[in-house]
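A single structure is presented below for examination.
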Amino acid sequence: MSAEIKGLNEECGIFGVWQDEHAAERTYFGLHSLQHRGQEGAGIVTVQANGRLLEHKGLGLLADAFSKPEQLAQLTGPCAIGHVRYGTAGTHGIENIQPFLFHFAQEDVALAHNGNLTNAVSLRTELEQDGAIFRTDSDTEVLMHLIQRQKGADFKARLKASLREIKGGFAYLVLTKNALYAALDPNGFRPLVVGRLDNGAYIVCSETCALDTVGAHFIRDVQPGELITIDDSGYHCEPFTTETQLSICSMEYIYFARPDSTIYGVNIHQARQRMGRRLAQESPVDADIVVGVPNSSLSAASGYALESGLPDELGLIKNQYSARTFIQPTQELREQGVRMKLAAVKAVVAGKKVALVDDSIVRGTTSNYIVRLLKEAGAKSVHLLISSPPLKYPCFYGIDIENTQELMAANYTIPEMCAKIGADSLHFLSLEGLIDAIDLPSHEPNRGLCVAYFNGDYPTPLYDYAATFKQPKTATKVMQ
Amino acid sequence: MSAEIKGLNEECGIFGVWQDEHAAERTYFGLHSLQHRGQEGAGIVTVQANGRLLEHKGLGLLADAFSKPEQLAQLTGPCAIGHVRYGTAGTHGIENIQPFLFHFAQEDVALAHNGNLTNAVSLRTELEQDGAIFRTDSDTEVLMHLIQRQKGADFKARLKASLREIKGGFAYLVLTKNALYAALDPNGFRPLVVGRLDNGAYIVCSETCALDTVGAHFIRDVQPGELITIDDSGYHCEPFTTETQLSICSMEYIYFARPDSTIYGVNIHQARQRMGRRLAQESPVDADIVVGVPNSSLSAASGYALESGLPDELGLIKNQYSARTFIQPTQELREQGVRMKLAAVKAVVAGKKVALVDDSIVRGTTSNYIVRLLKEAGAKSVHLLISSPPLKYPCFYGIDIENTQELMAANYTIPEMCAKIGADSLHFLSLEGLIDAIDLPSHEPNRGLCVAYFNGDYPTPLYDYAATFKQPKTATKVMQ
Amino acid sequence: MSAEIKGLNEECGIFGVWQDEHAAERTYFGLHSLQHRGQEGAGIVTVQANGRLLEHKGLGLLADAFSKPEQLAQLTGPCAIGHVRYGTAGTHGIENIQPFLFHFAQEDVALAHNGNLTNAVSLRTELEQDGAIFRTDSDTEVLMHLIQRQKGADFKARLKASLREIKGGFAYLVLTKNALYAALDPNGFRPLVVGRLDNGAYIVCSETCALDTVGAHFIRDVQPGELITIDDSGYHCEPFTTETQLSICSMEYIYFARPDSTIYGVNIHQARQRMGRRLAQESPVDADIVVGVPNSSLSAASGYALESGLPDELGLIKNQYSARTFIQPTQELREQGVRMKLAAVKAVVAGKKVALVDDSIVRGTTSNYIVRLLKEAGAKSVHLLISSPPLKYPCFYGIDIENTQELMAANYTIPEMCAKIGADSLHFLSLEGLIDAIDLPSHEPNRGLCVAYFNGDYPTPLYDYAATFKQPKTATKVMQ
Amino acid sequence: MSAEIKGLNEECGIFGVWQDEHAAERTYFGLHSLQHRGQEGAGIVTVQANGRLLEHKGLGLLADAFSKPEQLAQLTGPCAIGHVRYGTAGTHGIENIQPFLFHFAQEDVALAHNGNLTNAVSLRTELEQDGAIFRTDSDTEVLMHLIQRQKGADFKARLKASLREIKGGFAYLVLTKNALYAALDPNGFRPLVVGRLDNGAYIVCSETCALDTVGAHFIRDVQPGELITIDDSGYHCEPFTTETQLSICSMEYIYFARPDSTIYGVNIHQARQRMGRRLAQESPVDADIVVGVPNSSLSAASGYALESGLPDELGLIKNQYSARTFIQPTQELREQGVRMKLAAVKAVVAGKKVALVDDSIVRGTTSNYIVRLLKEAGAKSVHLLISSPPLKYPCFYGIDIENTQELMAANYTIPEMCAKIGADSLHFLSLEGLIDAIDLPSHEPNRGLCVAYFNGDYPTPLYDYAATFKQPKTATKVMQ
């Protein structure tokens, strides 16, 4: 929680396993540890004993999608891929839940995808004009049509040719009876790792936390532009393109990934702690205590406390039980709806000057509420400290910011934001500070990070989005 | 979570409101903030416009029990009581979900109960022999039969006479079209507070966190042996018995209550922090970092860190999404089931000597797992520090410890426990330390706390349980 | 269907079996053949191996209430009772589905009931004033409270004493671990029969069709005022009262019972055929063909055709699939809702003078619709012939006619009815004709039939209903 | 019911409406009257105000698929198509429920299909080799791919070209925002009619009973090889091929269609009555009464009775409530499962020689059961009279007889069948008798009927089925 209490969403988590006696259960456990990447649907596909692929998918959390033992028990095969999904507007039906399973005369193929393609619309239009029929609104399906229309009998050759046609951010898992393929876009926008179980089975998944959960050891991060092939002869890495440039999404480090995951060698919790430390160096405030917004900002708050010497206090409590939102007849009750998620610990904050640490500001409305909550609980002042730069630009590679109208920082100056939020002061981590704090061991631009939502500097052409995206005039390139 | 990862359960949370336009929604919000007290069922009863009472109840979390808007929307009346329930073995049916609603010719009555009666079986036998027919297996229902068989037309008089007949731990809410009654047992084993909304409506509920969630201000803790009557003329307090002695359940402070709640003037988070400080004084260990078991032990861990000067680190991550447990075909997969709940942050604990703080040890099996998890993540040593004394005796007042066979501390010495758990050392807070740390402003025995599960010294006769409870020979009275 | 397309409903069907290896399945099959007696809920209770009783109940048809194999499979005991229910207004909750199961310290007791008690309200008031707490709104439960409050340890003696206190129409099944009891009211208002399987197990149930379905042979009709006790020593009949007078509900013969059932020696199909024949004698009409309203009036139509010499034609088709009624936005679409149930066969009726035979007129609105349907299909004329007398008075013994406002015949003369219905002529069977046609081998008044809904002549005092029932001025006693 | 108690199934019913304010409700009502054609799934698609198509589909009966008001209420557009489905083995998932809805960039298209294509497998293989991706296993989808791959912008031209490529039996509805198309295969194997509401809206549907139900008047039967286009300018008929030969499925007259429907000018009920009359001429038997197997054989039984002069009696009762079949632990209970559907009226059949009329024999096992049921009820003898010829050959045009192993008549002589069934004699209607009785006003072979399942004489090449279909040696061509 947070990114201003889930105003911002990742689009997916993926998990695959090859040759494990408990493939479906393993995938279930792995997906459960990736549940933070998507909560609107889940599915698992296995290669069954007869060589055909079998699926089960459902809406909601993994525990909802797999609510009966037989739903998992029927998936008996030793190779599997799975997916947890965050659904963007208008695409909430069960038919959009992944993996997508395609039955062909020769063999079945299943796809699971994390990311967003930037040329999906134009590819789809071309394909439809050539007679293709799509079953979903999802851009994921484009890849299957491309593969199917390539000439030649070699599936991997057709897959590689197709991967070169799609643009944007993508981490794909492709399952057939013969192999499990994993492919990462040429910028490596989304994380993807390979690991192995003690029984020899290979795992490919979004984050290392899933490897830990299923008891696998880490082998390597998949590199930008790579295709991994896992089959009964082992695992093989090869580039499907040589035009690559690492631009891993910086929001993975700031907010999306789980604190116990490590991406390209950098542990998430420690990166956030360093963001908090750097923020304390850049923006010291007059406070008695540091309070982090649970849970995603606790690491940054701890860093701010360590660097500033202020005590790190449990001033906000998150209710661990999910709350329905349909009960909102009046403004007064709506506020109580928010109170269902967060509570202030009066005994801690009463009479105190509070340094409140959060990871981002999206709409600002929840920030305003949290500040008010602390003041009603008796805080003398609340200084809001954000462990990342202002979010001003859309993302086209897999985060659900497609326009800037709802982004507070795209529409207001920092003093305006501070006034609207009602904080006594408002501070953001600088872009340089962020890049330094993450400290990726890379010599690529921005040290291998994508920071486009902060500075509008996209590492790729925007293809289908180029026409509609108008770069805001207020954009200030920070790093040049 | 914790009390060794939910091996120990509270039996209920209750909430009532009188004369609020949004009574059912308010109760829903209040119950949501009390969800940690019971997750197996929930219900709400309102006094409808026609003077009759209407209910909706369901199994599971509040969000499951009220899964459709109309289920709440039909409860339109301005007075309500609600209940969240933890069900003990064999009583899981929908018919045991509270509140219990009774339709009589004259008027309807609803009951909601938190606690456990110690003479329910003998009262029930007497009542059945006299022709009573019970609808449930729950001891809650006994009160209604007692009320109904009292002579006289004055409901409150019959209620008071009945309250004097029941023994044990109880916080009862009783709703009629004329009044909302709240009654607390003569020892005040369970917490119960009164508050008020700005619109004048009165609230009675288990914890102050529910008052904060619904926007009510705190008025007072209900006192042992008190009956509170709330009706259209205001609220009235009176004793139904004068033989009282405060013995509030110390496990409320140690584990059950929410950190932002305050019971008899003592904030839970701060009490836990003091337990951690005292533990550091009593049991310093050779460690590099302090790690608390999330979430309930984070306060104690913070106290241990502050007192010891060691850094308080986020070494364990709790998965915030609930995990189904039906997928457990093999021992190996069963361990992964536990890994679904907790993960170690390798980057934090690798190479470190860890002071691991937890609130209690129940069976010890999960403690063993957590120690192993940390060591597999590279911890050099793990010292397990428990912020309460060893749990050795059953509770008869509302916690689900009815026998001691499963309690590790009732069956093993501390060195044996340490060996079984695999920790490098194991330390418990002393009983004196616990009582001092909670620091209740009371002159009653044990400063107003019930600590019977630690020392076998029950503050009341045990009635129906007296025959079966054999005090273990190893029991050592600590406080005398 | 019919009784003017289900404007009239039976209240229940009951089935019990003692010592059959497949007791629950047998009860399921038996209840399925009694489904026409109640479609709003069903339940089965078995005596399990441990001597306790176990239940499963659900809303809707039997197939809905038992929608999962395990719901029936768990009911493993060799003795069972079951119930299918039609729910009167305001009592639709799951808590009113029978059998009712009561857990006592000594033993469990289950009750299933078909009928309506006429002194339930006054008995309930007395019992509540004496401290009883009822769990449902159902009058069924009264019997259990009476039993429980009788003195003495002999269950059968307490049951017999209690049966003498209740008034009205009732067929009760009472199941304990020691015996299955079946009791019929002193007038025998509702049918109840005993049978036996080839494996020696005894069956008690509402109609003989259930005996045939489960493969049992008929032993005898339970007689008015009898208590049957079935236990491991066999079956025993004894009167619980000697003040009896057979008054079996004539609507069982006219409409409720299944055509293949036989009650007190009279087969239902043949009784209806005789009603049709007698109607042809009493009311010949100028027609080309006879058309019965499917399915309940087909027997009477066949009798009318045989007697009149007119061809019996399939002029109306019933859609065998149930239709939801929630789709009724406009008057036009509402009529189509009715068309979902019945259709005219144009090729049969076009240009024909039709003798339309139905069993009763309740509200008359559906009769009007059916006449219109036939005329729109081209019928030259439609003569409506009802194989029973006009329904004018309420029933207090188990049919859901509790007031006469909705009964067309209680409010209009026959010519008025004919005009409103739009028929070319309208004829009812005479009361004498009905009694002769049923031809019960009895010397009791009305030859053992209750015909009170036709003539207002109730065979018992009305107790709780006496005050509110105002005998309509237009009442004409036919039989005196 | 019957075709030996549903051993034989139709594959679908379809319904479409253009420009009706209540299009979805109308389709719901229409589909309800076509429910006998398919009970495993149902769906409706409407053209919404924005020009896009919206669907709702579900498993089970229409009332199950549309179990909540909003499921229908959301379908607000004025043009709709709907489908009820019988699913063949292995294709039971929700993804196979029709209509199939395809979203394209330019416009959406929905398809509903009744029938079976004989060249679907080869077309699909070709299409997949050319890059097509199918979403279902259904042959219905082939048409959409063919349309999509035709050149040219004119949808109707592409549709007509595609219709010429598919072979077998088909009645297709195709819905776009611009028009509703209805197409019938060149043999007219399946029925399809056009009608009109008083409000001017056009209807196309499988049977005239659906026109009657929704209040539409009949315009015409769609002719073999015709494409009907309904749009805002009216309705237009045109052939898509001139190579046509009427071969309407004779089983529609014998068993599938509803008695009140009329196909190519012949009313179903009357055709069946004529089959019964002809059967009486061909096969008089020594009987006291005629009994029809309810409900589908009642018309034929009535004809047999009229012609033979024997009384038509209600000797078998059908339970109108559906029975679950999962309760079948033993052979004894399995028989009771069948008894749940049918019961003999002992009072009618005891001591009688019975002429039992049924429409067909499929497996013969249920025939055997019915004969036994009558004999156990006391019938002196049972002569089984089948109102159609022996079923010996598979159907490839839309009935679920794809192999002959289960067809009793394909494997045994008539005397062998009679012995196995246990009847006193067994008689089938002759093929000539059947064709004469249906009496279609056509000069095509077999007077416009397909009778291939009786004589193996298929009116078209069998394409994909030609290789696997081995014509049985015992086949005797009747009509040559």
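Going by the order they are written in, the chains are A, B, C and D; count residues from 1 in each one.
Here, a contact is a pair of C-beta atoms (placed from the backbone, for glycine too) under 8 Å apart; a residue touches a chain by one contact, two chains touch by 3 or more.
Chain labels with UniProt names: A, B, C, D = Amidophosphoribosyltransferase.
Everything quoted here is computed from the prediction, not taken from an experiment.
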item	value
From the options A-B, A-D or C-D, the pair that copies B-C, where over half of the contact pairs coincide	A-D
Between chain B and chain A, distance of the C-alpha-averaged centres to the nearest whole Å	36
Between chain D and chain B, distance of the C-alpha-averaged centres to the nearest whole Å	63
Approximate Å spacing (C-alpha centroids) for the pair chain A, chain D	51
Chain B, residues touching no fewer than two other chains	none
Every chain pair in contact, whichever chains are involved	A-B, A-D, B-C, C-D
Chain D partner contacts - residues on chain A that touch it in the complex	102-105, 124-125, 128, 130-135, 137, 144-145, 148-149
Complex contact set, residues of chain C against chain D	1, 22, 25-26, 28-29, 32-33, 35-36, 39, 61-63, 66-67, 69, 72, 209, 212-215, 258-260, 262, 267, 269-270, 295, 298-299, 302, 306, 311-314, 317, 319-324, 326-327, 329-330, 332-333, 335-337, 339-340, 343-348
